[in-house]
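You will see chain A twice below: alongside chain B first, and alongside chain C after that.
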Partner chain A sequence: MRQPGMYSGMLSGISGKTGPHSLPLARIKKIMKKSGDDVKMISGEAPIVFSKACELFIEELTRQSWAMTMQGRRRTLHKDDVASAVAATDIFDFLVNLVSEPPNADEDAPGGTNNIEH
Partner chain B sequence: MDPMDIVGKSKEDASLPKATMTKIIKEMLPPDVRVARDAQDLLIECCVEFINLVSSESNEVCNREEKRTIAPEHVLKALEVLGFGEYIEEVYAAYEQHKHETMQDSLKGGKWSNGAEMTEEALLAEQQRMFAEARARMNGGAAVPKQTDVDSNVES
Partner chain C sequence: MVDEQERLLPIANVGRIMKLILPPSAKISKEAKQTIQECASEFVSFVTGEASDKCHKENRKTVNGDDICWALSSLGFDDYAEAIVRYLHKYREHESERANHKQQTSKARDVTGQHDHEDKEEGDDDEGLCLTDSPRGKGITSTRHRHPAPLEFRIIDRNETSPF
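Then we have the complex of A and B:
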């Protein structure tokens, strides 16, 4: 039997430390540069800080999404769980549009018209 | 899926490596839990968006301080402003840890920086020895006067 303590530990915010995975600094730097039109030069150390921050962010978002999954008594984390987590957490407000936007063109328009915007 | 996604050359395409992200995500969850693929992709997109958000804010902070390069302090300030203040401590600790590890690496690699005095002494001794050998060659192979303790052994 799994010890219940392990998972409740995760939920209460104790970082069950993830292994030594770091996100690639070059990739992070690239994303940073594209984040705006006139991004300043980026120090070599800034991506390192980002790498850790991203890890924490993903952990928190995952944790919150998982809480939604458990509420629905499921064992598979779905996209909707992520959306619910975003809606329920203030600091995730910036993600609201991202999670509600369907990745593919929606087919709810009757008659099968393409949703191509001109 | 757009073929451009695979090539990764389009400007929109910088994303985070799926394998690493998946590992981080899975480690947060109990082992028997599955993550739907669309949920995985969405989590990765959210992370990219997070970087965008914090980068923009860091850029602002940097501007306000009239600096030309975005430094870690600017990022930390941005995190606080955006409501991610509770990350700061751990992020800063990881940053310090990384600096420490990087320093260790350069110490290991550089023989000069560690125990510089010894190195100088060794170099000096080496120089003396080389002079002595050169002198001996000039003297036509006579007994090489090296360190006195060695000589005393030979002479007695």
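Then we have the complex of A and C:
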């Protein structure tokens, strides 16, 4: 059974203990190092903290995006729903440019209809 | 050549976390997963940048868990910060217990008696055991203070008369 809730990962499931984490620590560390030139030394616990923080972040962004999906009475979460969730949430402001980048192909055009305008 | 995927978290993991939040009948488009995958990396960069700035201002070289918690709070992710402070506390307790056990067993075997700094990841100069940088270390710097007496010398007793 799925457990909705912000701290579902804290209590059980994904990483209820400090054992295996749901996200690879080495990869997290790489991303941290790439974030800036002055990021040189990272303590062993920092990627572990991020593993948890990213879980919470992904959960929240997903939840907000799904709310947009439901508003549109759909059952498939689309990229536009993520963009709408980002636009509607203050703390996701840092993502605005990232989600509004034009896709490679216009598959996810809003409305999803063919362009048969006259 | 840097693999593009190296700057992103694995999409399978991202998808799994997403599915746990959504109802069983929900579907997720591939582009949506990719978008959230990108957002997660951006999140790490964003928070790390803030944490790193703080370290820089305080003349510290190592970004630690407390810095991340502070950055999360500073950037508006207060809820995460609270949950993670608790998680970090549990992790540190766990680590200090492990260190305690390792110290005991390495004392039993090593002649030199030095405890090893386990290198979980390359390039670290701090581990979870020695939180000298952290203002909220709460006495975890030395495990000997917490457990002065009960040392498990059962192995020694059976095989050797003296620990040295």
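Simple rule for what comes next: the second predicted complex is superposed on the first by the 82 of 118 C-alpha atoms of A that agree within 3 Å, B and C clash if a C-alpha of one lies under 4 Å from a C-alpha of the other, contacts with A are read in each partner's own complex, and residues count from 1 in each chain.
Please note the rule applied: a residue touches a chain if its C-beta (ideal position, glycine included) is under 8 Å from a C-beta of that chain, and two chains touch if they have at least 3 such contacts.
As the structure is a computational prediction, the values presented were derived from the model and not from experiment.
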Partner chain in contact with A:91 - chain B first, chain C second, else both or neither: both
Chain B versus chain C as contact partner of A:77, first or second or both or neither: both
Partner chain in contact with A:39 - chain B first, chain C second, else both or neither: both
Partner chain(s) touched by A:25 [first = chain B, second = chain C, both, neither]: second
First, second, both or neither for A:56, with chain B first and chain C second: both
First (chain B), second (chain C), both or neither touched by A:67: neither
Shared chain A surface residues [contacts with chain B and with chain C]: 2, 6-7, 10, 18, 22-24, 27-28, 30-32, 34-36, 38-43, 45-46, 48-50, 52-59, 61-63, 65-66, 69, 75-79, 81-82, 86, 90-92, 94-95, 98-99, 103
Chain A residues touching chain C - in the complex, by the definition given at the top: 2-4, 6-10, 13-14, 17-18, 22-32, 34-36, 38-50, 52-59, 61-63, 65-66, 69, 75-79, 81-83, 86, 90-92, 94-95, 98-99, 103, 107-108
Residue ranges of chain A touching chain B (in the complex, touch as defined): 2, 6-7, 10, 15-16, 18-19, 21-24, 27-28, 30-32, 34-36, 38-43, 45-46, 48-59, 61-63, 65-66, 69, 75-79, 81-82, 86, 90-92, 94-95, 98-99, 103
Residues of chain C that touch chain A when the two form their complex: 6-10, 13-14, 16-29, 31-32, 34-36, 38-49, 52, 56, 61-65, 67-69, 72, 75-77, 79-80, 83-84, 86-88, 90-92, 94-95, 120-121, 123-128, 133
Touching residues (chain side chain B, partner chain A) in the complex: 11, 14-17, 20-21, 23-25, 27-30, 32-36, 38-39, 41-43, 45-56, 58-59, 62-63, 67-72, 74-76, 79, 82-84, 87, 90-92, 94-95, 98-99
